[in-house]
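Two complexes come next, and they have one chain in common, subunit A, joined by subunit B in the first and subunit C in the second.
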Partner chain A sequence: MKRIRSSIIDGVGFDLVLVGIPLVFLILFSGLPLVYNVLMSFQEVDLFSLGEVFRPFVGLKNYRALFAQPEFWPIMWNTVIFVFCSIGGQFIVGFGLAVFFNTGFRGSTFIRGLFLVSWVMPGLVVGATWNWILAGDFGVLNYLLSSIGVISENIFWRSDINYSLWAVIITNIWLGTAFNMILLSVGLAGIPKDLYEAASLDGATAFQKFWTITVPMMRSTTGAVISLGLIFTLQQFDLFAAITGGGPANSSNVAQYWAWELSFRQYDFARGATISTIMIAVVMVASVFYVRSTRHEVRG
Partner chain B sequence: MTEELQIELNGVDKHYGAFHALKGIQLAIPKGAFVALVGPSGCGKSTLLRSIAGLETISGGEMKITDEVMNNVPPRHRDVAMVFQSYALYPHMTVIDNLTYSLRLKKTPKAEARKIAKEVAATIGLENLLDRFPRELSGGQRQRVAMGRAIVRRPKVFLFDEPLSNLDASLRVHMRKEIRALHDRLGATSVYVTHDQIEAMTMADHVVVMRAGVIEQQGAPLELYDRPASQFVAGFIGSPAMNFVDGVTNADGTAVTLDITGAPELQLPRQVACNEKVTVGLRPEHLSISEAGQGAITTKISVIESTGSTTYVGAGDAGKITIVLSERRDISVGDTISLGINTKDIHLFDPQTQMVI
Partner chain C sequence: MMTPHLNRIYLGAAIVFAIIYLFPLYWMYVTALKSGSEIFAYPPTFIPKDPQWGVFSHVWDVRGMGRFIWNSLVIATGTMILVAGLGTGCSYVLARYRNIWIDVALFLVLMLQVLPASLMITPLFVGFSAVGLLDYPRFAVILAVTAKAMPFFVILVRATFMAVPAELEEAALVDGNSRVGAFVSVVLPLARNGVLVSAILIFMQAFGEFVYSKSIIQDVNLQPASVGLNAFMGPNTVEWNNIMAYATIYVTPILAAFVLLQQRIVAGLTSGALK
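Our next item is the complex of A and B:
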């Protein structure tokens, strides 16, 4: 006891303890399930072998079976559209708002703080709220679009196969914009003001300053935001559950929701794990980009 | 001969909310002049420079650059270049890209822009650093890039905002000469802000001393040194600072009795009001140590600081009179000395208004 006490006081081995605790936590609750998930994607899993770790090894059979399913490619394509458009929308709106609030008008920090409310709300609540906004008969979105003349008849966002995926994308953009804006605001605040002053004296217009100073100086922040956005978007599950349930006819189904459906609705754990493994590979590539872009931050 | 004016400020005011940063600034800067704005921090010198640059909008008065009113002209149309205290180099651009930035904005052909930048780089010793990023440069090199970026544009006016304050002492002395030489070679007009009166005195043709938003005095460096208009300017210009001693003039106003124990009457250069309280200003370098009883003030040495070339002696009550000696003397702390001063080197100030009498 005395030795432990003094080792903490002396600081000897304390660094190892500090690193060790999160490491054990990560291995136990993230690492092992990940490995188990990958392992499962190469096994034959049924309800009877659910409790076992070493099940019959089937090689790439699960992968082949999954690729052969007729809905595989449409769902993958949906996932690409969902990820690409969500990130694009969140980033553009978030950047616009960040630049807007960075002008520092009276009350700007307060209003910027209020934007975080969207991020604090549980996904299911956001989904339920947007269900009303998106509602075909009485929804506010339809009312808005028809009153400015964009549409002539109501769109049934959640039940029309042409729009169901977009219903989730629009909601997800709303949900993720605040997070993008906060991160980008931090990046903007880190750009020294005198660079803009030097640029104005050098003859730059506001537009030129944006493209020659702001955008390049935001490169590392942008990389980080987009990599994180990719990870968060691939995790997005609540909104699908709340708004469309992946339907109708898989028109708004995406990989992460399909994995859940296969595992916990159809009890085909092997295929669910197979999809998850594919997604792990994608996320790992994104993480490499994230780590690289935060490491290459240019300041001063 | 009437000199052509480059910058003209007529009653320029600047308010930040309730704070009055510049109060009725009146300044005329001729073409080709090197003007230093000097004063303690918060005196408004940087605000004045930034107003000339257009980075601050003035609240009142009129500002002209080459006879054109510039009050509401944005910085990019003023044809002025500025060297920032922080250098404000574009961190994501190499040295050559920093230098050509303004030219690229003006759509100068790439080859020509590079040619101009290379010429400028050669004159300030940057030719081997063109492909480096600012973060790979030393403080002195960054300073040069900042100057090069200004020179490339061939502006009407160069503005310097304490450009040397982030450099070490020896480099600062060197860059002082270099900036002045550059100014003479380019024949441009320069406005230089500094809190260091030595920089102002050594570099400028015309020194403007500011305090609390007003111009206290302006003139040639030696004029400010020889004939300070106020106690503030007298104390600010010159190093070490002027000694101020209270005193009372005699019955006919031709001599003053200093408020120092054992000081006899000091003859004045000219007649002033009689039986009046005054502040007497004595420059440390004008005081000399003479044989006991021969000088004007008899006092004891309390501090001696020697730098080798010069010796600073603190004497009088609590060592409040500083004397600068350029020759070595055999003196030590506790010695009784007698201080001599030339009558013409005495400055007199009114203790109430602090203005020169």
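Our next item is the complex of A and C:
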């Protein structure tokens, strides 16, 4: 007993305690639910058996039932569009801004930091604000678009099934651009300046320098930022809750919102767990890419 | 490097970009100040004609915001304390050694960071109901948010500890300190800023948390401000000035803290998140 005590105060035990307690906590509240989720997706769950661990096993019934639902494929396709367009928009705008701020004019650091307010705002506040901006009759976005002549009649962003998903995508691009920009700025700052100087001496134009130095040197950062973007985009829930609620008629529903709806609106926890299991598998694959692209830095 | 003239052009362009980007925030503030009829004016007014400064106390009373904000504070404070208490020591050990076990632990932490809350809530809710934690809903939310936020904290703070020279700790050990003593009196003070900034980031995240609170806390008296805001936005609402006033009250303290700590937060993020 005394040896254990002295080891904790002045030995390897100290390290083990510091790592062990948080690890046990994470296993209890992250790892265990993860396993439980997979287990539930193979079980029959109803409100009466909610408190039990061992419920009747039904094999792949939940998966088959889920795939057979008419909204399954449209929602999956929405998820793909949402993820692809959000990441694309965030990355392109974020990269442009990062290159611009990387010129290092006076005041660039301060103004660049201001962009991050979009990232610290609660998701519900961002959603509420954009909900109002995107309003059909009185929304300021419709007013601005029509006054510069892009649209001739108001777009009902939230209630038109052709636009509802785009309402959330636009908001999500706004939300994520700043974070993308900051991460990309780190990568840009890491490119040795003498490469550019050498290229200038050889008479390269700004455009040539961008394609032959900036783009190749940013490859590993880009990989990390895009896989992080995939992870964050698949976590996006608040904007759906605040702007469209997945509607109308599931036109803006995505997998992560649907999973929650199945569990907490329709109380079908088994199907909720099933779609969660599928999506968590997708996220896991993305995070392996993320870890791989940052591995040398992690070891650093 | 840059001529003053060019510098001015770039600065001007940067300010224009910032104004465009931050327009939604501006729109939230001006909408809050407009009257109930002015918000539906066409074309919209970009500066309120008759600012309604009383809207904030009105919304605060009518929506019972004191209770909502208090609950958000409880959840955010509890999460921050639990995350910092558990995560600081963990990040220290993960920064101090470099071997295969540390790599495995880091990999696990990174993997846990990516699990979406809206997918994890189903098993967490069912599990919490099985062990009776749903009777203490705010505590249950704190536990869930802590598990979600801790990996991020560990990654940020680990970068801070890596910047503390190991020689200082070794010197303290040679001077007769125990491991605990060296950690508390030498390493921790040197990493204080990084730990503090990361803890504030966790506080901000937990202050805006929505999914777990919405699903776990049924009693309206225990719900945080995010759930209250969600309930305020019915599908056919016309009270946009009041909703924006609610959002303003909710978000302004966070924005103020962010602007004050901006440089440190950005520095912490850029050193931790990617490297």
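Remarks
As a convention for this text, the second predicted complex is superposed on the first by the 283 of 300 C-alpha atoms of A that agree within 3 Å, B and C clash if a C-alpha of one lies under 4 Å from a C-alpha of the other, contacts with A are read in each partner's own complex, and residues count from 1 in each chain.
Heads up, the rule we're going with is that a contact is a pair of C-beta atoms (placed from the backbone, for glycine too) under 8 Å apart; a residue touches a chain by one contact, two chains touch by 3 or more.
The shown structure was predicted, so the numbers you read here are calculated from the model rather than taken from an experiment.
Within the superposed three-chain model, A:A273 lies in touch with subunit C and out of touch with subunit B [touch as defined at top]. Subunit A has more of its residues touched by C than by the other of subunit B and subunit C.
Residue contacts after overlaying the shared chain place A:D46 against neither subunit B nor subunit C.
Once the two complexes are overlaid on chain A, the subunit A residues touched by subunit B in the first and by subunit C in the second are 298-300.
Across the interface of their complex, subunit A is touched by residues 1-2, 6-7, 10-11, 13-15, 17-18, 21-22, 24-25, 27-28, 31, 39-40, 42-44, 86-87, 89-90, 92-94, 96-98, 103, 105-127, 129-130, 143-144, 146-148, 150-151, 154, 162, 178-180, 183, 201, 204, 207-211, 214-215, 225-226, 229-230, 233, 235, 240, 243-244, 246-247, 250-251, 254-255, 258-259, 262-263, 265-266, 269-270, 273-275 of subunit C.
Interface of subunit A with subunit B (complex): residues 192, 194-195, 197-205, 208, 212-213, 216-217, 219, 298-300. Residues 53-55, 74-76, 78, 80-82, 84, 86, 88, 90-92, 101-102, 105-106, 134-135, 149, 153 of subunit B are the ones touching subunit A in the complex. Residues 8-11, 14-15, 17-19, 21-23, 25-26, 28-34, 36-37, 40, 45, 50-53, 97, 100-101, 103-118, 120-126, 128-133, 135, 137-138, 140, 143, 147, 174, 177-178, 182-183, 185-187, 221, 224, 231, 234-235, 237-238, 241-242, 245, 256-257, 259-260, 263-264, 269, 272-273, 275-276, 279-280, 283-284, 286-287, 290-291, 294, 297-300 of subunit A are the ones that touch subunit C when the two sit in their complex.
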